[in-house]
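You will see two complexes here that share chain A, one where it goes with chain B and one where it goes with chain C.
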Partner chain A sequence: MKCVSVLKKLVVGAALLGLVSCGGGKKDSDGEASGGSESGFARSKTLYLAGSQWGDPNTFNPIAESWQAAWPVGDKFNLMYETILTYNSLDGKFEPLLGTLVSRDNDKVVVDLNPKAMWSDGQPVTSTDVKFVFELGRRFPGAATAFAIDFISEIKVETVDGVERLSFMVDKTKRNNPLVILDHLQAIRIVPSHVFEKLLADNGNDLSAVQKLKIDKDPVVSGPYNIEHSSNERIVIKRRDDYWGNEAIYGGKLPAPEYIIHPIYKNNDHFAIALQQGKLDASQTFMPRIWLKKKDGVSTWYDEAPYFVPGAMPMLLINTTKAPLNDPQYRRAMAAAISYADIKELAVSGYAPDVQPGLIMNQGLEGKYFNADDAKEFGVAYDPAKARAILADAGYKSVYKRGDKDSTLDYMTDKAGNKLPVLSITVPAGWSDWEAMVQIAVKGLRAAGMDVREGPVDASLYWPALPSGNFDLIMHKPAASVTPSLPWNRFESVMSSRNWVPVGGDNKMNENQGRYNSPKDKGYNPKVDELLKKIPTLDKEEDLIAAYRELNKIFMQDQPALPLCYLPEQFYEFSSKAWKGWPTSANPYAPPLLPWVGASTKILWNLQPVK
Partner chain B sequence: MKLLKNLLKSPMFVIGASIFLLTLLIALVGPLFYKITTARVGAQYDAPTAKFILGMDDLGRDYVSLLLLGLRSSLFVGFLAGVIATTIGTLIGIYGGFRGGVVDDILNMVTNLFVVIPSFVVLILISASFSEGRSLTLIGVIIGMTTWTWSARAVRAQSAALKSKDHISLAKLNGDNTLRVLLVHILPYIFSYVFMVFILQVSSGILSEAAISMIGLGPMDTVSLGTILNQAKNTGALGDGIWWAFIPATVVITLIVFALYLINTSMEGVFNPRLRK
Partner chain C sequence: MLKQYPTLRFVLMRAGWYFLTFLVAVTINFFLPRLGKNNPVDIIMGKAATGLSNEDARKKEEKYLQEFGLAKVGKDGQLLRDAEGKPMKAGRLEQFGNYIKMCLMGDLGTSFQKYPKKVVDVIKEAVPWTIALQLPTILFGWIVGNILGALAAYRRGVFDKVFFPFALILSSFPFFVFGMLLVYYFAVLLPWFPAMGGYANSVMPSFSMAFFSSAAYHYVLPFFSIFLILAGGQAIGMRSMGIYELGTDYIKYAKWLGLKEGKILTYLFRNAMLPQITGLALSLGTMIGGALITEMIFSYPGLGMAMLTAIQNNDYPMIQGCTLIVTVSVLIANFTVDILIGFLDPRVKAGLQMGKGV
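Moving on, here comes the complex of A and B:
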């Protein structure tokens, strides 16, 4: 009897397996075998992109907070909702989208709206739409774009030859910063005001109620794609053949993929494997040792090291209010104790040129502001002997378990002989490249006698720790994307005391989370904030170079953060198994970003299916 | 002595004990013969060479050094977890089995409760709650505290079977208190079982450490066989075909656990007269 029941189970199991495999082997709508693609979507018409959406897609609401909105709605993604301009991080030029940049000076930034720009319901995109989103903060302080009103005093509209000309007036009293207005023009997505005004009216003028709507059913969009379907496994968007830009920008051409699917994977390995198998066409995730994946058709911007274009600077922010981290000498010793070459080679697979002292990259568009002599004179490079010397000069002493410095470090004492606390570096657990950076940094710091440990925490604890200043040292990537305001933006993010509040209570700082340069301290250096205020209004190149040079000098002397390496703005990896025509260093028609971001959307019009 | 002689007649025991003693020996005296270094000596995942026969890890460290350190850590965690689990399990099992009645029912219920709660999930939850300063000892203690049910059930059955024996009744008549009866008159009789259970608990401790470390909840600042595998997994070594990141650590774990199981099985054959040929 037992045998029979086992046999039965086996037969049922086999039948179930058969059913499953039959399901997987379905043919596509046009008769092609799926070949690894999902049924219903012909591989030659479907582009698979990934790396932006990791969790369940919660909302496609363009006026929700950017981080809440699912791909492709958040950030400066312009497949559904579009920005006025896009910024090309390769040449630093603005490219037209809903509008064209006419001029910029210290009083205003002027753009012309494209009169052909249309919403998917046939209504034109007008200055009313632009004003709606840019000025939403005046009506509702909780609006996601409320930050814009600190910079723009007014948007003046005039009509020149039938074209709407918009002048974004620089708010001279609040921030006086035309540079950030340019950032906003390439980052804030324009939404249909006629739709959202109605939603506001229907919801009793309650913005938070409207922000909670999912807006995922036939939304009115201006971009080349619209949402087709979303689940916790993937997001599917479908080409809009009546997209206004096909005619107005791309000479009547349609984007090649009819569908774009963003599968939602749970970890970095899945992306790498899917890309190697040709199931994914491009991804923005960190994949170690990319050269080993070349044989499986995975390519990057450059064919050889560093493979990617540097754009961001992951760093350790330092809580400068806590002893011994409040001592610039201790911070400089830290900077000398970390092996940046090890971080580059081991933590990020050599995906970057060598990091230089200071907060300015010696690469790309900001390279012109970098001064090698200053870096040499004021900066600290990796030099373990120097780290020990700085510490000894400042009166710090390391105590080892067995007395000699080859045994385990026990603790450190300050000048007065007091035992110093163990310092912890907060890093989100599971972010493998960041964890490796921290591991190498800790090794160097301990070898120089500083009592520092890794402090991996869940990502849900990492994000609140950052603005509250509740950390000793913390991994962070300020000014993560390449925008028109770099490197000013990076200095502002690390050094500005504009909103300085002490650590504690509900106090939050969204920049300078390390609380450097407190205006209430007697050691306050007003020069830093002066320079940060002045740089956005400078238009002569030599003035800019001089100002950046001065600011970078202060950074190197005070070392309020420890830049660890250069990394690309986005890891741009692609496979040419199903789609060809990707931009590379040999064919740089678009910046090295996935085709949903800024100036790289044009990739979609340049791709061709392989079969 | 006679028992040992009998055991040595079993080829299974000889193989198991030899493998285990060899790994123990390597763990204890290996560092005297091989210069252990955790400094960077090469590039990321350098392939094995004549000098570094197992290649490099993701941080360019010598895998032989890491495996030696990892072996020591894993054996330490295994023994610690084994001692804790066996002690708790034996105390609960022996007392419950001997006392019977309501006390036994309650202890049995607690044991069953722990049996039905998946211990690995508890292990994950406790490990995850110690986000800072998870040491090797802490992991060993956590494993020991969550896996004792097995010992308790095995020992309880033996203890319950013994309690009606004549020598126990004599001891009770003699006025011996419960503790003395348990320790002097029951424990020695079931010691072989306790020892066998201990061996299994050690091997399960080693496996649990590897599993918990593999998913990233293992000890910090320490190299163990599990953290070696975790690091290899996190840095995508498997996808790139870097076998030296996985195979040696896996083989070492498998060998130790296999050896312990061989010892356990062969002991059962010797200790249990019904299984003897």
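Moving on, here comes the complex of A and C:
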């Protein structure tokens, strides 16, 4: 009997607990609807944004690596630490933040620091802070900003009428590239040197030790918000009402939201659900068939297709050192065999304009470099018959299981009749939009008689495969964010032989992972590297157009990669249920990015609570 | 030795075996993640090296190798290099020695992927949620399932005819399908419950009524997504065990003696429960590993997701830390059951008293 009575008690207990939790639930549900309880964050003062932080936050240390630092510290986020300039990807203009762009030429990039810029501890933001960050790489190899010292030989400072004028001198011997200096000025966040010099001194001048600090308790920042709370559930930042820029940039206005909360979701669907339920105000995640979510208040930049502004170009990089992929004709046949329209419609819900041959988009800021006649003459568009014709001309034969080309493809032979290996497209397993693109590409390639298969691998194998060149074809999105150096940056990422090393051993390449255009090869085309070197130093529009035209022509003829579609830099989605005043194509006062990225930070000063 | 204390001897013997198992498990935990060819620094470099020159990328890679303890470091704090100038990788045995030393000092190391976060901190943040979600669900699911199963076995008739197929359907539902259906119906179509998170974003975690009621509200769907399926499975197991026991002589005898139904049910329950207890112990032991599917469907905090990302990124210290606590908790749970069964199962008890040992 004892046993039964104990069990009875337990059951009653369980039922009670169930009741308690349901009862509590009802109360809270009402509480939430009426705008949060007193201990919490009132809806009319709190902006909910998501999509930049996926796991629990590692660190808020501004000199940690970008991939380590949590939102809103990593990347070009301007809420806590600020960059010198921001870049408006709509009009290509630089907007002032800590500094203003004065001039740029092939010798130097000149900016004036804003004399009103102030750290949260009352110290001014000065050239010492800027020099500290940019020259960290000179003091410590492996510092997060070490890449900057290859481009900047020196930062000269002069004071004109109480304003500090900084000249970033172009390093003529190493890279000679003022374009990338502009990239850095809108991407590298400035940190308080008085704080970090002291930390370095306290830690025996050991950068690694300082990088390990989380800097999440009352950090000294220059931006409009500061960290309030963080957990594996969300990150909360609070407005700094004494932010220097309110006066100096925004005419005395405060940013509207007092708090910004970034919830951390583990599942892509939750962004869509939260946006539709009004629990999230903006997000930057891929949501298929967004037009169905319009009725629940989810809006995008354009009201209709393609909904987003294109900025990035996911593509298949080709290992050009391996037969038959070392044959440009084979690569061109591949480009003709893939149905880009299917990829656009089926893999990315039509969120992009039609892809054009070449590495330049036919619209946006780079649209002026696109030449439609060249694309027609030198490029290949989707044309299965042409794919077969190119292959036949080059001597490739497809062998089918039952002889006729409607049966299963068995293998392919080259000119000499040798059997060619099965080619595999490496793609990280579980990245569903990429996997869909690869699926469609494989379908087209096989239909044209090329023996290609999908090769989904774990992300832990994908990342090492990319720089080592250990792939046949691989999915990649080079130059993923829109920076001042586009489309040069994209060409450089795909075609540059600057660091060319063969596949094998510990050899790694961080651009041109397909090993295109080997300088040791007799077929080496020096024109490519010449153009890549020249373009950043060109300042006349017609010279740039001519240079890009030539480079794109070579790309189309050699086809070292297969661009599959255009995608936005960010999937900018918002809901006007709690906050209104978001920029759209009808009111394009800021680029379509979440309000903490670059020039879009000003959205915060333009939002108004609905209630 | 200890012949006159068979129970103590039994406990000590078991403890000895468990300690050995623990050592083997710890060793496997160390070597298993390192079997693959890819190393964690390569994975990080894939993301961190974009746009770097080969020279800068090499410097960065060496810095990571040194910080993560994957390369040999000389007395002066500089990397030791081979003839070609490449850093010498730290040997497995050396790393193993470090790992054991750190384990003994209660330090599970620093995560690579969540650098510079300590593994212990990640676990500390996640485990309370995991236990809060899993412990009650497993216990209640087990208790309710077993009671219903025993009832169904004993009563048969209409109750069983309705209950059994229902339980069968429930228990054969995959967790993720059931969870997603719950989200769709009760969070999207009828927005009665929140679809995700451990508590509302508008409250701060604190010892306040607002926080606890919000946490309880967010608890409902994840709880039922596991509870119902678990209870269904337990009920089916218990029902068949019960039916088997019903046919045994002692139950028939008890019925013929005219004992009360409650008394017979107690007998039935005690005997049918033995395998169920083992099952309970196993699931309590593995629960620390987190309910990955539930965490993903409800964006619920917990250890499952931390473990998944650690495995995907070859984050050795994090994998080791997670598998270590899973190992320890499984062993503790099993040990407890072993001892419990020794007392509960008259056959084991009889065997012990006869001095045969186990």
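Just so it is clear, the second predicted complex is superposed on the first by the 572 of 611 C-alpha atoms of A that agree within 3 Å, B and C clash if a C-alpha of one lies under 4 Å from a C-alpha of the other, contacts with A are read in each partner's own complex, and residues count from 1 in each chain.
Note that in this section contacts are C-beta pairs under 8 Å (C-beta built on N, C-alpha and C of every residue); 3 or more make two chains touch, one makes a residue touch a chain.
Just so it is clear, the model here is predicted, and its values are computed rather than measured.
Touch criterion met: A:M287 reaches chain B, while chain C stays clear of it. In the superposed model, A:K368 makes contact with neither chain B nor chain C. Applying the stated contact rule after C-alpha superposition, one finds that A:P141 touches chain C and leaves chain B untouched. In the superposition on chain A, A:A459 contacts chain C only, with no contact to chain B. When the shared chain is aligned, chain B comes close enough to touch A:I440, but chain C does not.
Once chain A of one complex is fitted onto chain A of the other, the partner contacts of A:E345 are limited to chain B, with no touch recorded for chain C. Applying the stated contact rule after C-alpha superposition, one finds that A:S208 touches chain C and leaves chain B untouched. Ranking chain B and chain C by residues of chain A touched puts C first.
Of the two partner chains, chain C is the only one that A:D506 touches; chain B does not reach it.
When the shared chain is aligned, chain B comes close enough to touch A:S424, but chain C does not. The residues of chain A shared by its contacts with chain B and with chain C are 273, 458, 461. Residues 268-269, 272-273, 276, 287-289, 292-293, 342, 345-346, 349, 424, 429-430, 432, 435-436, 439-440, 453-458, 461 of chain A are the ones touching chain B in the complex. Every residue of chain A that touches chain C in the complex is listed here, in rising order: 1, 3-4, 7, 10-11, 14, 17, 20-22, 24-25, 27-29, 31-32, 36-43, 46, 48, 55-56, 58-59, 61, 64-68, 141-142, 146-147, 150, 208, 211-214, 229, 231-234, 261, 263-267, 270, 273-274, 277, 279, 458-464, 466-468, 493, 498-499, 501, 506, 508-511.
Across the complex, chain C meets chain A through its residues 36, 38-39, 42-54, 56-57, 59-60, 62-63, 67, 86, 110, 113-117, 122, 125-126, 136, 140, 143-144, 147, 183, 187-188, 191-193, 195-206, 208, 210-214, 216-217, 219-220, 223, 262-263, 265-266, 269-270, 295-297, 299-301, 305-306, 309, 312-314. In the complex of the two chains, the chain B residues touching chain A come out as 40, 43-45, 58-60, 131-132, 216, 220-221, 233-236, 238-241.
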